[in-house]
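Have a look at these structures, which come just after this line.
Shared between the two complexes below is chain A, which pairs with chain B and chain C, respectively.
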Partner chain A sequence: MESDSALSDALLRQLIAVGQADILVGLPTLNNAATVVDVVRAVHGCFTRDFPRLRTVLINSDAGSTDGTPDLIRNASFTDAGMVQTSHALRTIHRVVAPYHGLPGKLTALRTVFAAGELMQAKVIVVLDPGGPATIAERVTELIVPIARAEVEFLAPRYRRHPRDGVLITQLVRPLVRALYGVALDEPLGAEFACSGRFSSHCLEQDIWSHEAARFAIDLWLRTEALAKRFVVGQLWRPAITTAGARTTLREAVRQVVLSLVESLRAHESYWLKADGVAELRNWGTDPVVLPDAATWDYQALGEQARHDLLEIKPLLEEVLEPDLCARLMDDGPGVSARLDDELWVRSVYAFAIATRLGRTSIEHLADMFAPIYMWRASAFMSHTASDTPAIMQEKLNSLCETFLRLKPALVARWSVDM
Partner chain B sequence: MIQEIANALVESWRNFATAFVLFVPRLVAATIIFAGGFFVALLVRRAIQRFLAWLGADRVSLRIGASEMLRQADMPTAEALIAKIVFWIVWIGFIVSAVDTLQFEPFQGLVAEFFRFVPRFLLALLVLALGFLVGNFLWRATLLASVNAGLPGARMLSGALRVLVIAIGIVMALEQLGLATAVVLTAFAIAFGALMLGLAIAFGLGGRDAAKQLIEQQLHAKRERDADAAPHL
Partner chain C sequence: MTTLRSADPLWYKDAVFYQLHVKSFADSNADGIGDFPGLASKLDHLASLGVDCLWLQPMYPSPFKDDGYDISDYTSIYPGYGTQQDFETFLSQAHARGLRVIIELVLNHTSDQHAWFQEARSSIDNPRRDWYVWSDTDDRYRGVRIIFIDTELSNWAWDPVSKTYYWHRFFSHQPDLNYDNPAVREEIWKVMKFWLDLGVDGFRVDAVPYLVEREGTSCENLPETHAVLKELRARLDAHFTGKVLLAEANMWPEDVCPYFGAGDEFHMSFHFPIMPRMFMALRLEDRKPLIDIIERTPSIPDSCQWGIFLRNHDELTLEMVTETERQYMWDEYAKDPRARINLGIRRRLAPLVDGDRRRIELMSGLLMSLPGSPILYYGDEIGMGDNVYLGDRNSVRTPMQWNGGINAGFSRADPERLWLPLISSAVYGYQAVNVESQEQVPTSLLNWTRRLIEVRRSTKVFGRGSIEFLKPDNHRVLAFTRTLGRDTVLVVTNLAGTAQVVELDLTRLAGAIPLEMFGGSIFPRIGREPYIMMMGPYDFYWFRLRWL
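Here is the complex of A and B:
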């Protein structure tokens, strides 16, 4: 039923013509003309070279690109003109290009891919980021192999990042997911992943697809769902991703991340309230070791802006934070030398989590109120680690994870109180 | 002469006695209604409070922000407040009935008047509560939106909007009660008009250059504020 409703008639017709598939690679796109041809060639190279005996299909789920992305995929030659093909697939390699119906966004694209996977009884489902690192066949193959060998049911990418990079991940998402779900998952928000057909069918049965917040919460939800429902989860080292060209502003990104976290916390409370400790995940691939350069940005200006915004919304913060916490937050901040130490930051994060549980204020308003606190924390962290080596910074990030874990019992206690 | 005085006294006494005999049962009835009404109102109050607790009214009140507002105004919880209002309406209804039982000329028709007033009163309370709720919600939303957009004086803007919405709620509630309608509406219209005119003149004439500068700064600041999320993701 899920498969039927998620697939348009035209797509259904194409999929029926293809029949069953062992490996399905999904490629959600939106104006990715610059990079998508390389990714399509990489996928084809992977199918031809590494899985010649398997039934394979590439499905492009396009959100309505205006730069000709679907045409580029449809017409892309399988190889570079100058490249000699040394192996050939024994089966037909199918390529399905279809715009999806429903609300625009990755959520609908993923649902289409999952539904197609279920219909075609695919054992391996891989979702690629058209702007990501899968531009050579090896990068696609390494995502497929652990799932095809049934060693793992959900494979999440991990990247070697500079400790100054991805501040929203390292200051909030990673330590929070690690502390609550009890698993050392590096990249809870990554765009790429691979999973088993069993996991994708399980996801299709959940009611996440109709949730408004799931439009941007789906990447996090998939990972936390795999953890919470005890699917075997692993990580795969991937080349560093470029941080240039994010399609959103910082405030919007914070808002989306907060809404995503709330969606997952609510969906999996029975799991994370009982989860204890932090388990390591099995890793595939090779750690690149070499640190990429950190992106530079004006954290002092961000701190000043955050301070101003915090003072403006003080009456709202007083409704969410405990009086002593709010007072410390307000006293602690002003100026470039703002501290906002780990404990204060973690207590603030947990206070907002509790506020979403209490329901006094709408989640959207809470997300907006949280943005200046994050901005301040990001600025404070960058400012106080300005002269630190990457190794020392990494230690501080690890220490932050410990603080999230140490203070978790207080969150669990308050969350568990029947409101 | 004496006989006439005596007759008058007797007549007067008889009238008094007759009136007294007629009045005492009414007084007793009124007292019973008054006291009984008190106990009935108390029972209704408790029942309402328990019913609201069973319905989870406090949770709803928390959700819509009414609890916080009541706390700031040193008022009881929403459950207790609603129960208290119902208690007074019920008891006042009994008091009015008791007074009516006494059949005092000036209070004739009081019961009918009271029962005509109660729906208007309840509607006025509802309008007032909605005014506070909408005012509170708009205050929060405007404050956050203004801060996110980098507008100067976000607190003043959102606070003014809240005061305006609550003032409109109060005026509408008073109009519902029929209390000095003309005076209240006229005063409100004059005050609101004067405020808007004053702002228009101040912003459009007195601060034209400042306004231009402010808007330019805002556009510039907006571009700066909308920092790219890339280094954070």
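Here is the complex of A and C:
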């Protein structure tokens, strides 16, 4: 019945009216009044100018905004006062605005978009970030075209980042996913993506939508699922960003990322345990080349916080980590001048991965324990590269990726013991 | 290189079969008779139609007193159809397009021109004498029914050469083989292996119930016959995988079921009685005949499958109906007495339904959605007509109509040389009904049939799913679900030539969203109230039910 469905009766009625669609653009929102109108206009411009013969629909899946976001989408005019309209739609342009059922969050919003795409048999599904770069038609179109041409089945954005930016990505998520999945995916996290209807149908069939952990894990899971199930994955250059999507505290962000990673590692162990080397992905778009400014943040304060937290949880760490690793971590001495080198950092990451596998401690608890180690590593890396040029920093990040890859066999061996 | 569409050994459960006569399909050498090079040249048509497996009618040397089912050599190709090399080339080209090929295997009898019979009759001491069933009198096996009552007076025929009687269940020129003789069984296995080694994908086995005779019985469906068939199946399984044996046994489904054994006899068998009931339900505008026969059909082993069809090379057989039903069918579908032959009707699909496109589509929709693997008869994909003025069942065996040019594109021979004349009536003539013209029209029957097969192939539910009837109050509407695992399809068919409204009780499917499978339209979610549908004349819908 309706209560069990990803699609409310109100939404279903609108989908019945729309019928089949070739391109579905999903726009999950939550209080995005400041930016959403520009995105809607960009989508409309993309539809009318670049895909006038195709059946298109924009579906807003709103999580209960209190700032009038759905009304803004519903009522947005397709042109602003100063804009000369140069193209006219051949077909009715459909805009579906519907709140979604279930727990608020990206997971539910995406399931709604995928379910709508399934019913409408959409060939291309694009999910936009209402606060992201898709504020002009070209940036929507470039997400659609590679999928529409069947050149790729999952298109993940990639960004030109300053090496000091996106530390959680560059220190943990990117090198770990590269090493384990064997693919040079730049941005394993991210709100935007485009995919084929086939991939969307595949995802709907998977047992992920009721997982509590998936509430945070869905962006990463989508990408790793595409890799693990051998869909053709590509990357699209997007405009440079700085700390994109950072909307939570660092500690909470680390916690969510760790839960996401564990969810994916568990789901895809049969794939990544056998994956070898690192394959490059095909890229679309143009590398912006010009580096954005570096993010500035107080890494000394972060280190202090990490030092305090680590000393506090030392007894807990001793229960989870092997004695020699724990001793090395504590002997290195968390502090302003301490240096958690690549090898020790990677071994620590893999040790936590094994701890999640062993199941002696809850994953949520492990994620909380991991946060100060990450903060220490982030602080130490920033401290020791403070005077480096971006190019040298990038080399060090590349070297970190190599270390993750080099030590992977030990992780595989440990992980496989209990299989 | 073989690129078959499915590597699944149970491929036949999902397959759409296509039955054709080599001699009627395409003639490459302008002798008026279709041949293997001609057939090979038309494989693209068959591949684009979307069928999975071709069923070739007999291609063996034969005196052709029974359309080739009177075989005079089991391991050769009839010279008029080409050489063995031509056959092998055709087979490899079919496989390269993902098409499987099954051929005929006539087990019960040979032609009286076969060398085996010629040797057998030559002397009672001949080593092959015991390959056939002989008697000094014609009173053994008394009471066994005569199948071809129009032409045969007895199951025994006098052999003037050896001065004894021989047993034949079919025409007197088709002496029955003696399956009590191990040498016969061994020789038949050698025949099967010969073709399997060449790469054929199986056999349609002709007239299987009659292999063994026993005094005091009907000589049909005997345990000894099943033992012979099981022995052949066991040898097949021991040497090959992914092959299929399709039984021809024109009987009630409960009587056919033993031919599946425990999955160790035939892979498939025709479901004969369902065919006339599809036509009956259509003319009666009443679902009852169809539901009755399907509910009467026992379950079969998981690895087995029914073969269902609308029309084939024989008459629309009315053997498996009551006398009342037979008379109704004759009155409604064979008003012209020339359309009647034996206990059936010698007409093609399109003329049977007055060329009505809506009824052709409805019948094809039923064929593709009811339990079993559908078998299309060549030419029905373009709505070919028939010619009841031709003898025997040749009315439905006329040359394939490829285009509107000379000889319909079938042959470059003088029209007088064609083995059968083309259909040339104003309605069904090749100038109006042909592949080439229908290729050019997106809404043609040919393109519609392609789409129908494509939609059927989009799910395994039609080939492998269970069937549950809904039985709404309106008897003109046939509604059922097909279910396989989490996949459910709802089929609703208006058998009437008038608009109908129907209330369906879909409570057990509450929450599902119906997605119309041909056009992709979304229908309102199913709730606990009756689901009301309005249907135009002969409309049918297939809905994939989604719980999203």
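Operating definition for what follows: the second predicted complex is superposed on the first by the 409 of 419 C-alpha atoms of A that agree within 3 Å, B and C clash if a C-alpha of one lies under 4 Å from a C-alpha of the other, contacts with A are read in each partner's own complex, and residues count from 1 in each chain.
The definition used in the following text is that a contact is a pair of C-beta atoms (placed from the backbone, for glycine too) under 8 Å apart; a residue touches a chain by one contact, two chains touch by 3 or more.
Keep in mind that this is a model prediction, so the values were computed, not measured.
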{"item": "Partners on chain A (chain B, chain C) - clash or fit", "value": "fit"}
{"item": "Partner chain in contact with A:295 - chain B first, chain C second, else both or neither", "value": "first"}
{"item": "First (chain B), second (chain C), both or neither touched by A:252", "value": "first"}
{"item": "Inter-centroid angle chain B-chain A-chain C after superposition on A [Cα, multiple of 10°]", "value": "100"}
{"item": "Partner chain in contact with A:118 - chain B first, chain C second, else both or neither", "value": "second"}
{"item": "Between chain B and chain C, more extensive residue contact with chain A", "value": "B"}
{"item": "Which of chain B and chain C A:361 touches, first, second, both or neither", "value": "first"}
{"item": "Contacts of A:9 with chain B and chain C, given as first, second, both or neither", "value": "second"}
{"item": "First (chain B), second (chain C), both or neither touched by A:20", "value": "second"}
{"item": "First (chain B), second (chain C), both or neither touched by A:169", "value": "first"}
{"item": "Touched partner set for A:150, first chain B, second chain C, both or neither", "value": "neither"}
{"item": "Minimum C-alpha spacing, chains overlaid - chain B and chain C, in Å", "value": "32"}
{"item": "Chain A residues within the chain C interface of the complex", "value": "1-2, 4-7, 9, 12-13, 15-16, 19-20, 115, 118-121, 204"}
{"item": "Complex contact set, residues of chain B against chain A", "value": "59, 62-63, 65, 67-68, 140-141, 143-148, 154-155, 224-233"}
{"item": "Of chain A, residues touching chain B in the complex", "value": "165-169, 189, 243-246, 248-254, 295-297, 301-302, 305, 309, 312-313, 315-316, 319, 358-361, 365, 368-369, 371-372, 378, 419"}
{"item": "Parts of chain C lying in touch with chain A, wherever the complex brings them together", "value": "510-511, 513, 515, 519-525, 527, 546-548"}
